[in-house]
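Just so it is clear, A, B, C, D and E label the chains in written order, and each chain counts residues from 1 on its own.
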Amino acid sequence: MNPSTLIGILSSMVLLGSVLFFAAESPGSFLNLPGLAIVLAGTMAATFISYPLREVLRVVGLIGVVFRRENTYVRDDIQELVDMSRLWFKGDVRAVEKALANTRNPFLRSGIQLVISNTKEEEIIDLLSWRIARLKAREHAEAQVFHTMAAYAPAFGMIGTLVGLVNMLEVMEAGDLEIIGPRMAVALLTTFYGILLANLVFKPFAVKLERRTEERLIAMNMVLEGISLITKRRLPSFIEETLNSFMAKHHDEIRDPS
Amino acid sequence: MNPSTLIGILSSMVLLGSVLFFAAESPGSFLNLPGLAIVLAGTMAATFISYPLREVLRVVGLIGVVFRRENTYVRDDIQELVDMSRLWFKGDVRAVEKALANTRNPFLRSGIQLVISNTKEEEIIDLLSWRIARLKAREHAEAQVFHTMAAYAPAFGMIGTLVGLVNMLEVMEAGDLEIIGPRMAVALLTTFYGILLANLVFKPFAVKLERRTEERLIAMNMVLEGISLITKRRLPSFIEETLNSFMAKHHDEIRDPS
Amino acid sequence: MNPSTLIGILSSMVLLGSVLFFAAESPGSFLNLPGLAIVLAGTMAATFISYPLREVLRVVGLIGVVFRRENTYVRDDIQELVDMSRLWFKGDVRAVEKALANTRNPFLRSGIQLVISNTKEEEIIDLLSWRIARLKAREHAEAQVFHTMAAYAPAFGMIGTLVGLVNMLEVMEAGDLEIIGPRMAVALLTTFYGILLANLVFKPFAVKLERRTEERLIAMNMVLEGISLITKRRLPSFIEETLNSFMAKHHDEIRDPS
Amino acid sequence: MNPSTLIGILSSMVLLGSVLFFAAESPGSFLNLPGLAIVLAGTMAATFISYPLREVLRVVGLIGVVFRRENTYVRDDIQELVDMSRLWFKGDVRAVEKALANTRNPFLRSGIQLVISNTKEEEIIDLLSWRIARLKAREHAEAQVFHTMAAYAPAFGMIGTLVGLVNMLEVMEAGDLEIIGPRMAVALLTTFYGILLANLVFKPFAVKLERRTEERLIAMNMVLEGISLITKRRLPSFIEETLNSFMAKHHDEIRDPS
Amino acid sequence: MNPSTLIGILSSMVLLGSVLFFAAESPGSFLNLPGLAIVLAGTMAATFISYPLREVLRVVGLIGVVFRRENTYVRDDIQELVDMSRLWFKGDVRAVEKALANTRNPFLRSGIQLVISNTKEEEIIDLLSWRIARLKAREHAEAQVFHTMAAYAPAFGMIGTLVGLVNMLEVMEAGDLEIIGPRMAVALLTTFYGILLANLVFKPFAVKLERRTEERLIAMNMVLEGISLITKRRLPSFIEETLNSFMAKHHDEIRDPS
């Protein structure tokens, strides 16, 4: 996440927070620990039944990703690929191996290593495609965890509200109407927590991870295409041109601005 | 968007606006700035967490597209393709290059340039298909941003309403029943804003972008088909006939009117 | 639509109408013009932003289709195809052309014309498949317009109800409780209109168009199969048998009745 | 449906019925004919607009299927296929034809007839696959009718409730608060009918039909595989082994119990 | 499920339970047997109509799976496969058969048995792929049963609430306002039960089964790939390397940590 994104998030969060704060009659009345506990414990319980603990923990570890600077190294990867293809074309295997040691992209490294060890093209493609498919499946499953939590949170919010309403209605028996208002307010707070958690935390995280996966898949397919061209013994200049044309940006793909 | 579409939008918007205005007891009571701020700030915050800032800004830049005249240049593109195929068939590469300089469709230009530089047919198709797939993925993602916003807006509308209800119920404690009505009205306004924003802005924009993408993809596939026929060295007259038959319109595809 | 279908629609509509009429305390109270205007104007406005005007108008023109007699001409088309294949097999191109002039199925006509002009089989299949795909895409988009409207109508119904509630709550300030009932009734009417429109008009129309498209696609694929067999120079008797076996009906496909 | 399934349905229905009966203050108050008429007439009207009458009637005729004993004849079919393949392998066409007359599976019969008439393997597969695809499309469409009705029923339940509420609110004008309770009860009954119909009738029927279709498709694919092996002139013993291994059951496909 | 997962489930369940207990005015008032009976009997009735009894029972038998230790034996399977490929490569069929007797993976065993009996590679792949597809279809259907129950439970919760409300409103006729509160509380309890069952039992079970199926499919595809390599007579060392590279874990697939 580049700084501007962080600014966007922070400023809108501050805005939302302050609006909620000033809109509230007495901000303290928006804190209801039992209600919050029902939503959080319920969502956690449902999530732990749905997924193995180690998977939940791994996904929680991804929260950092959402706020981290998400550089895409596509340009670097293309440059490295083209450089290696030049060395490989010259037959300088030593230099390729030295370049391999310096690359920081394990997927690219595996691909070139397979090329060096003279694996058949078809099998290289198979192996790399499998790794792409596996990354796609795993990251999709991770985003799915957050989507599931985004569905559980409002449900437990409503469960908490029902608990609050039932309590309130029991008391109403005594005809003590004055205490109904604050009790109902407390009951509604759990729904408030549930919807807020789902829409400000779980769902945005899920969407963010999905978008990130899409960009990573594009980068991996790019590398796959490059490796495939290298095994076909294409000229390094052709590889460079092709990969760069893949990445070229147009204002509008099918119409120049007038 | 041709003028008639604009008339359609404007007249129905005016109708909706005036109905809402006259239906309102006192129109001023429909303006509740804190409520509007909760919906807008909440939707913005959730969107900024979901997507990188540069993507949100790019999508906001597309709002103009929704109201711009959306010409499709399919007929022009077919004509240009056929003209170039004639020149290419005659072997007049110079003339093709001059025609290329005049075309305003970058996708068509890239395709013909690949043909001129004698790239293999299979590779031309590969490269152009990749660009079609990339445009599809990117424009789909852009429409998705609006769909996501259309889901966030009513959620934050409901959050605002819950805040309003909680405030109202706190006050009810004092038994001051006369102020409940207006306060509840204010609480309901945020739900009103949320649903209105989602159904009159975000969702229609998303649908519009999706439809636009579909039409653009048809145009690009048409060009792809034309380029493919050129590389197969088909007669320009056959290419023209085929592309035109693709675009032919029938009252009913499988039954003439009686 | 055969007469029996019309009877089904009319009788159930009359039943629904009369039940609603008699269930109403005073039927006149179910007419609320501003409420109806909010739902209709809102749905129209959202639809006009979502789709170009010419597309909305085209889809409105399809409403007639929903109530028209929907004959499928599959049997006729098979007969025509087999007749033409016999003439073509005998080499009587003149007679085929005369038969072509009489057919009322443009898709079948194009296919046979391509056969007569000795186009390659692969290209005939390509061209006809493209037309099938285009019809599918276009008719799917048309049904989608109604689905979109079915989603907008209840949303604007709810918007109207919120407007009504806000007005009512403003007035409640004066403590004039006697007018709350009728006002709230009016507020609920817009939700009533929105749900009724969506479930009795927009959604059924969308489903009807989708079903129609499915049947048309089956008919087109049948013709495509027949054309394909003709280009493969199969015996007309074989073509007839194959196409008829495609259309054969069984009480139960995998078990005869005992 | 085997007897145990019937017992399951009946006992749970009796349980549900008696619970509802005893939970009711006065069971008679749960019968509201106008409300029921709104839900039924509305659902019928929307369904008749959505689908042609003959299709609705055909689907209604499938209700019996839901309660009928659903034997799968896969084992019988495999046995018949293997027996015929033995006769065919021996070249005894007469015996195959006699066996064909006795089989009660029209799909199997068509397949073997195509084999006997020496149709090309590729065309047999094509024809049988088309029939599988057609059955899948038709039965999917039939289940879809019930899914559509399951969506209409609660909508018309809500429409009825809105009608009831509007009536009630009109009357409230007179300040006659005592009659509000029963009237609101009547209003809520239509929602009750709509949800009950959708969740106890339409949706379960749709799910049942979908499950049945899945099992039928497995049986048909099994026959298709057997026919394909016969056309490849495989040994009957190999065919038997292969088809049986397809049907073999394991406690757990990838781990024996310890 | 490893112990840590169990700890996760238990602790969050205890937390949720205690919060609900302490939030309740009088915990006893949260037990409403008729309400619980409506939700359970309704969900059971709808499920028994939707699915054959034997399928429901089979799925209920899977509840144990959700809480059982879910080891994946992928590493063991790879080792067994590589060991057998070594024996097979040496031509020691006896030893392979002895190893087969010891393996506890029926899918792996079937595959190797097909290799030993010299079945064609193409047919081995076909047969094993069919078994993978069948397992996927069956386990998907099982998870679907829980998803269906998760949809029925809140619907019958709402049905119970409507019954309770109607009863309450009938009584309101007598103007006996004091008993409204507790009765309405009882009415809301069925909704509470329905949502709780759906979100804490049915949906998490469905998600758990889906995740388990995904992991099992990966393991089966791994075995399939290994068998395929054996039939291609690849070197055991190559098979080992390939399968292990499939399973290799990277901190991040396309970027090493700095």
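Going forward, a residue touches a chain if its C-beta (ideal position, glycine included) is under 8 Å from a C-beta of that chain, and two chains touch if they have at least 3 such contacts.
Computed from a predicted model, the values in this text were never measured in an experiment.
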Worksheet item: Which chains are in contact with both chain A and chain C?
Response: B
Worksheet entry | Euclidean distance of C-alpha centroids - chain A vs chain D, Å | 39
Worksheet, complete the sentence: Rounded to the nearest Å, the gap between Cα centres of chain A and chain E is 24
Worksheet entry | Category of the chain touch graph - line, ring, star, complete, other | ring
Item to complete: Please give the residue numbers of chain A that touch chain B in the complex, ascending.
Response: 1-2, 4-5, 7-9, 12-13, 15-16, 19-20, 22-26, 29-30, 66, 70, 178-182, 184-185, 188-189, 191-192, 195-196, 198-200, 203-205, 207-208, 211, 214, 218, 242, 245-246, 250, 252-256, 258
Fill in: Complex interface listing, chain C residues touching chain B
34-35, 37-38, 41-42, 44-56, 73, 104-108, 110, 127, 130-131, 134-135, 137, 141, 148, 151-152, 155-156, 158-160, 162-173, 175, 216, 219-220, 223
